[in-house]
Structure formats: C-alpha cells, structure tokens
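The two complexes that follow have chain A in common; it is paired with chain B in the first and with chain C in the second.
Let's turn to the complex of A and B:
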C-alpha cells in the first residue's frame, strides 16, 4: 500500500490494454513504493496530454573526476512533480558480451533500489546497463557502492562510449576473433578516454565476431571491428550432399542468392570463387553444417558509422580490410591505429562532429594520408559499380601545367 | 614532463582560462590543450595537458558539463537545473 497518493493516468492506462507487455504496468507496480516513479507517471501523463516533453537535459552533474557516466535530467515542472525534479540517468559499464552472474545482478538491483528509482534499462543502445532516475545527492553514494562491487560507470558526452561486443567465441562458432577479450582490453586501455571527455564528440567502438555483425557495429559505431577471414570458405561436401538429400534447394536458396555470384552448385558439390566472395555470410548462415569461415581469421576495421543527430546517418566504411587482432601483441596494431586517428580528429574535428562527418568534410584521401594508411581498393564505396576510381600514381606528369 | 613546465602549473593555467572566460566561452579539453601548447610550444605536449586536466578534475577545481557536447566548467549550480 502506497504512503503517497497515486497519480491518475487515464491516457497511460490505454497502453495497458491488449495482450502485450506494458511499461506502464511495470511502472505502476514500482510507483506504489517509489514516489519518484509515481511522479514520473504523472509527468508522462502530462506529456501525453500536452503532446510536449517536460525534460531538460545536460548541465554540470556527475561524480568527482569523471565527465561521463551520468546524464543529467531535470523536470521543467518541478513544482508539479517534485519527486522527479532530478531524474538523472546512470550508465554502468556492462561486462563484455553481457554475461552476468545472478549475484552480480542482485548487487546492481540492491544498489539501485536503495539509491534510485529502481527502474533499469537492460540494456541501453550503448550497451551499458542503464539506471533510470536518481537525484544529484545520490550520485556519489551510488558510485561508491558500485566501485566497491567492482563496477564502473560507462561513457557519455564527448568521450569514448562504453565499448560493446557480441558474445563471440563464448557462444558462437563463427567468431573470427575473440571479441570479448578485445572489448575488455580496449575498455581497460582507454579508461581515461572513457571517463574524461576529450574529443570533439562521442566515439563508439563495437566489436562483432563475424560479418553477421550481431551488435550492428556497422550502423552504430564510429569504429566497427568486424570479424572476417582471408583464406577460403571451408566446405564439407558430404554435409552439402546431406542438405540436398534432406530437400534443400541449394541453387534457389543458397548459390543464386550470393550477391557476388561467386559460387555455384553442380548438383553434387558447391564450388566457390573465393576471390569474389565479399563475406556476406548468407551461404554460411543457410548451410552452417556444410560451410564455415576460413581458418586465417582476423577483423576488418571500418570507420564512420553513426545514427542521425547533427547530420544524417552513416554506415561505417572500410579502413583496414584485414587486421589480425593479435592477442599476444596486446592488440598493439589496433591501438596504434586508434592513436593516429584520434590525433587527427583532435587536430581537425570541429565541435560535435563525428569522425565519419569529419572524414567526409576533409576527404578520405587526406584522412588516409594523415593517419598513414595506404589507399586500397577496399576503401572505395561500391567498388563493383563505381567506375570513377583514380590513384595518384597512375597519373603521369606530361610536363605541362594544367 | 619536458623542461620546467610542471603539471601543476599547466593545471593552474587551464583553471585560470576557464575562470577568466566563465559564462562567456565553453572550453573543451582540446581547446585548453591547444591554448597551453600554443603558449608553451615544445615545452609541453598533449600527455602533459592530459595529466593536468586530470589533476584539475580530481581536485574538484573544475568539473565536466554537458550541453550538446562535453565542456569544462567551474563547479557551481547545475546547468540545466538553473531555469527551474
């Protein structure tokens, strides 16, 4: 039984109708014991009624020494809804691959129940586990309790956002490199960049173990690391026969759907022209027992993906076609590349400009030259259909001034 | 640390910049770094400035703020809360 008067929410109540789960139902359960959530429902009802948001965002809120991990949020109607006058979000750095013990989840929930609204978002689009709604006074106590349990805050603002990855080799046979190890390694390497915003704008890493790209790194991260291989697709012709015997139409469902037409089925066996394969994964997904990625595995590094905020959405494009992702070398090749890119972005990026936008502005050629990466055919967008590709070394000086 | 410019000195100079321009200009980390390197030239580098910024933040003399992008400010009334 609530000690406070529960808000009337006729418009929100409509969202509880039908067979689907409703966040309103969940929030009403919490509102009985949490006045903050009761006022949250009240403010949301007002927003539905007036068709306008009532949140203010940003400001000077955080924990001492950190510039990320806390997103300041305030009500613009604090007199009407005093318990959500402050309603800050906290991002907690998730474990690589989102593997938790039940005890770890209990620890997080206990901390949040004691110091916040009790509402979480598991997980935010950044990958963090997100605590929704607390006051400025509670931030330091929450941080102290989180760190006591070996948790840390994630990124926010113009810093390295919490890196995230698919669960890779832990559960997936397609993983071409150890995504969880790289994600953890990079998270620890760039703690300073994660907690102390020093960039023109946000920087997101996402690590996918294979071209299926289960964390959608190509669309959601400035720096996508997508597993790949540079030798041949492994084929088990006996398994191919088994698929055919079981009734699979291999031509219709597999070979004719190959986007580069690099494979054919002769009625008995599959043949692949591996030089034409663009690692789309369709055939491997369709016949996982017969086809597998090659053995010489690593990752393709892509750059510039982002969702639309200031400018429109961009997909990442290839920067390094193949990198070995060498654990023994502590991923030094990758880290060296990051340092060169950040140096460039630091010098040439303008405020609130993502690296993809920066590259579009200065030109890919200038960017590659500055970060000491040689131009390659893979840098060309749509290389199979773009006839306008020139390299400087192909131009000969004819001695005249053009 | 190169030559005689100490981390503490850089931190002081950064703090003075933030204080002088408080309410007029929002400095990003890179703005402060460029100002300091512009002033001292080869005597300081980005790593020195990074260490100074960390000292500035850990001491509580400055805090990070957010208004679209992150910036460095003097501690004070919470920005978005002001207009309540």
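Let's turn to the complex of A and C:
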C-alpha cells in the first residue's frame, strides 16, 4: 500500500486498454512506492487534459568535473506536483552492444531505486542507459555510486555523445568488423572530450557491422562507420538450390529486386556482377544460407548525419568508401582521419553547426581537400544517374575536333 | 589531447600564460584544450583557464573570437553543466577586450535577472557565482555596462548562501556606486566564508573581509 494518495488519472487509464504493453501500467506499479512517479503521472494527466507540456529547462545541473551526462528537467507546476519539481535525467554510458550481466543490471537498478524515480529507459536513442527523474541533491551521490561500480556517465549537450554500436560479431554473422571493440576503443579514446566538452558542437559516432545498419548510424550520427567488403559476395550454390527446391521464387524474390540489377539466376545458379553491387543487403538477407558478405572486410566511413534542428535532417554520405578497421593498429587510420576532421571543424565551423551543415556550407570539395581525402566517385550523390558527373571515357578522343 | 591538457594545466598552475602558446602553438587546437579545462575538477585550474582566456583576449584576440558565441550558448545549454566557466570567461574576456563580447554582456545580465536560473530551488550556485564574478569584471571601471542589473545584484547581498553574498559583495566593490557602499556596509560583520578568485589567486575569504576591502577600494 502506498503511504501517499495515488493520483487519479482517467485520461491515462485509457492508454492501458488494448493488447499492447502500457507504460502507464508500469508507472502505476512504481507510483505505489515512489511519490515522484505518482506526481509524474499526475503531471502527465494534466498535460493530456490541457494539451500542454509541463516541463521546463530551468537551471543548469551536473556533476563536478563533467560537462555532460545530466539533463536538467523541472516541472513548471511544482506547487501542484512537488515531487517532480526536479526531474533530471542521467545518461549512463552503456556497454558496447548493450550486453549486461544480471549483476550489473541489479547494481544499476539498486542505485537508481535508492536515489531516483526507479524508472529507466533501456535504452535512449543516444544508446545510453537512461535514468529518468531525480533531484539536484542526488546527482553527486548517484555519480559516486556509479563510479564505485565502474560505470560512467554518457555524453549530452554540445559535446561528444556516447558512441554506440550494434552487437556485431557477438551475435551476427554479417558483421564485417568488430563493432563492439571499435566502439569501446573510440569511447576510451574520446573519454575526455565526452566529459569535458572540447568539440565545437554535438558529435555522434555510431558503428554498424554491416550495411543493414541496425543502429541506423546513417541517419543518427555525424560519423557513421558501416561494415562492408571489397571482394565478392560468397555464394554457396548448393544452398541456392536448396532454397529453390524449398519453393523460393529466386527471380521474383531476390534477383529482380536487386537495385543495381547486378545479379541473375539461370535456373540453377546465382551469378553476381560484384562491381555493380551497392551493398543493399537484400539478397544476403533473403538467402542467408546461400549468400554471405565477402572475406575482405572493413568499413565505409560516412559523415554528416543528423536530425533536424537548425537545418533539415541529413543522412550521412560516403567519406571513405573502404577502410580496414585494424585492431592490431589500434584503429589508427580511423583516429587520424577523425583528428583531421576535428581540426577542420574547429577552424571552420560556426556556432552550433553540425559537421554535415558545415560541409554543406563550405562545399564537399573544400572539405575533402582540407582533410586530405582524394575525391572519389563514391562521394557523388547518385553517381550512376547524376547527369552532371562525367567519367573519363566520355571524353575519349573520337578523332574529331570538338 | 589528454596529455596536452594536463601539460597546459601545469602551466596554468604556474601562471605561465604566454608559455602555453609557445609550447603548444598559437592555434585553435590549443584553445580547444583550454576550453575543456573549464571543466577541471581542480578549481584553481578552471579559474586559471578563465584568466588565460582573458590574456588571449588582450594578446591574441584572433584565437578566441570564435569562442565567444559558444560561451554564450553554453550558458543556455540544457545538458549537464556545459555552461561551467562560461560566464567567468565572458567577464574576463570583456574586461580585457570588450569588443569581443558585446552580445555576451547582455546574456550574462539576462542570466542573473532570470529567477529560474538564479533563485532557489532550481539554481546552480556555481554558475551563479561565476555570473556574479563576471558582472564585477565587466562593470569594474565601467559601471554603465552593468548599471541596469544593479537592483538584482544588490539583492544577492541578502542571499542565504555566504558564497553568493561574498561574490555579490566583491562584484559591488568592483562596480561601485552609492547603493553599493550602503549594502557593503551592511556586510562588514558577515561571518560567512567563501572561496574567491581575485588577482589570479583562489583563496578562502570571509564575507566581512570582502566587504571591507571593497569599501576601502571604493573610498580610495
């Protein structure tokens, strides 16, 4: 039984109807023991009633020595809902690939139960383990307990954000590089920048092991690292036959859906013109037992993705078509590239300008020259169909004067 | 960058501002390290980074002109304490080269006028102390720059936190004016204590001593 009077929430109660899971139901369970969550439900009910949000930014909050990791939230109706007068969010740097031991999860939950609302978001779109709702006074005690258990805060604000990755080689046969190792390595490399902001503005790294891009790095990160291969798709023709024998219409479901028409099925075997393959992954996803990524694997580095804030949303575009993600070399080639990009952005970026916006403003050619990357056909948007791009053979001498 | 940051911190502890540029180069990469030192746990290093920004404003304004917008924005960044040290830097830069921070003065003033950010229960006291200190630096010798915020500044001499009263007293001592003297007189018996950065040093000081020194300075 609750020691406090539970809020009436007739509008929110509607959200508990239907076959899907309900966050209202979860929150009501916690509200019995946590007055903060009880007031949260009350404020949310008011928002549904008035169709107005009741959160405000309020004062800056954080922990000493760190620039990011905490997001201040305050109620604009603290008299009505005193237990959510402060409702700050804490971002905890997640383990690569979101693998936890059950003990680690218990540790996190125990800390949060003692010092916060008890509600978590596993995980936020940034990738972090997100603790939802605490007061300013609890921030330092939470931070002390987290670090005691070897956890650390993630990034927030105008800062390097917590890098995140798919679970790559841990669970997926498509992974073309060790995403979890790279993600951990880069997180440690930029640990200072993550906690003591030194970048001009937000910066997000995301690592996907293959072109399926399960962490949606192309849309959500300034620097997307997407696994790929540069040799040929591996084909097991016996497995192709097995798919056909099992009733798969390989022409209709696979080869004719190839966006570059680089493959054909002759009724017995699949043939791929690998030079034309654009790594859409459809065929491999459709016939995983018959088709696999090549053996010469690495990653494509793309730059400039972001959600709409100042300019519109941008998808990352290709910067380096292929880079070996070399663990033995501590990913030095990637880090060197990153340093050159950072130097350029620091020198030429304007206030609150993401790298994608900066590149659009200065022009890709100038950007490439500054970071010492040679222009390549892959830098061209839709190179196969772009009428403004000409290849050398177009200008081959035909014996007449132009 | 970690190595250079630690080495720069060492130079700042020794107040060797020119040597920072000599050792690490007069370019924005060095300013980048300096920027991150505003979040240093060691308070003296943070404050010396503020002083170094002021030194750069006087000696190499070209290196930090681009930083001012970022500092202004960071005072309104909703995430964490990204704004740590920003007001102090704006104040110090403005003291040395007001042309660099014309817009920044209004932002600092607005910050302290906003009860959401400067009054309990939501305020961040460390940021508030920085803003009070910045107003002192901006208004010192040029009281007109901060004149419009004087009523608010005076009110902080009655704040429950001694650190806030102490910084308000120090700031009033820099800016001056008859109302300032009146308020400072009321604080000459204040037993509260605060850490205060002045003349490039960080020392624990009694609020009463700050008020007395401020009065002596204004009566000189």
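The working rule: the second predicted complex is superposed on the first by the 387 of 402 C-alpha atoms of A that agree within 3 Å, B and C clash if a C-alpha of one lies under 4 Å from a C-alpha of the other, contacts with A are read in each partner's own complex, and residues count from 1 in each chain.
The definition used in the following text is that contacts are C-beta pairs under 8 Å (C-beta built on N, C-alpha and C of every residue); 3 or more make two chains touch, one makes a residue touch a chain.
Bear in mind that the values here come from a model prediction, so they are computed numbers and not experimental data.
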Three-chain arrangement built on chain A, chain B and chain C clash or fit: clash
Partner chain(s) touched by A:69 [first = chain B, second = chain C, both, neither]: second
Touched partner set for A:133, first chain B, second chain C, both or neither: neither
Contacts of A:211 with chain B and chain C, given as first, second, both or neither: neither
Which of chain B and chain C A:56 touches, first, second, both or neither: both
Contact residues of chain A, present in both the chain B and the chain C interface: 56-62, 64-68, 71-72, 74, 85-86, 136, 156-159, 192, 196-198, 200, 346, 351-352
Chain C partner contacts - residues on chain A that touch it in the complex: 56-72, 74, 85-86, 136, 156-159, 191-193, 195-198, 200, 343, 346-347, 350-352
In the complex with chain A, residue positions of chain B that touch it: 28-30, 33, 46, 50, 53-54, 57-58, 60, 63-70, 73, 75-84
Chain B contact footprint on chain A (complex, rising order): 56-62, 64-68, 71-76, 78, 85-86, 136, 156-159, 192, 196-201, 346, 351-352
Chain A contact footprint on chain C (complex, rising order): 1-2, 5, 28-29, 32-33, 35-41, 66, 69-70, 73-75, 77-84, 116-117, 121-124, 127
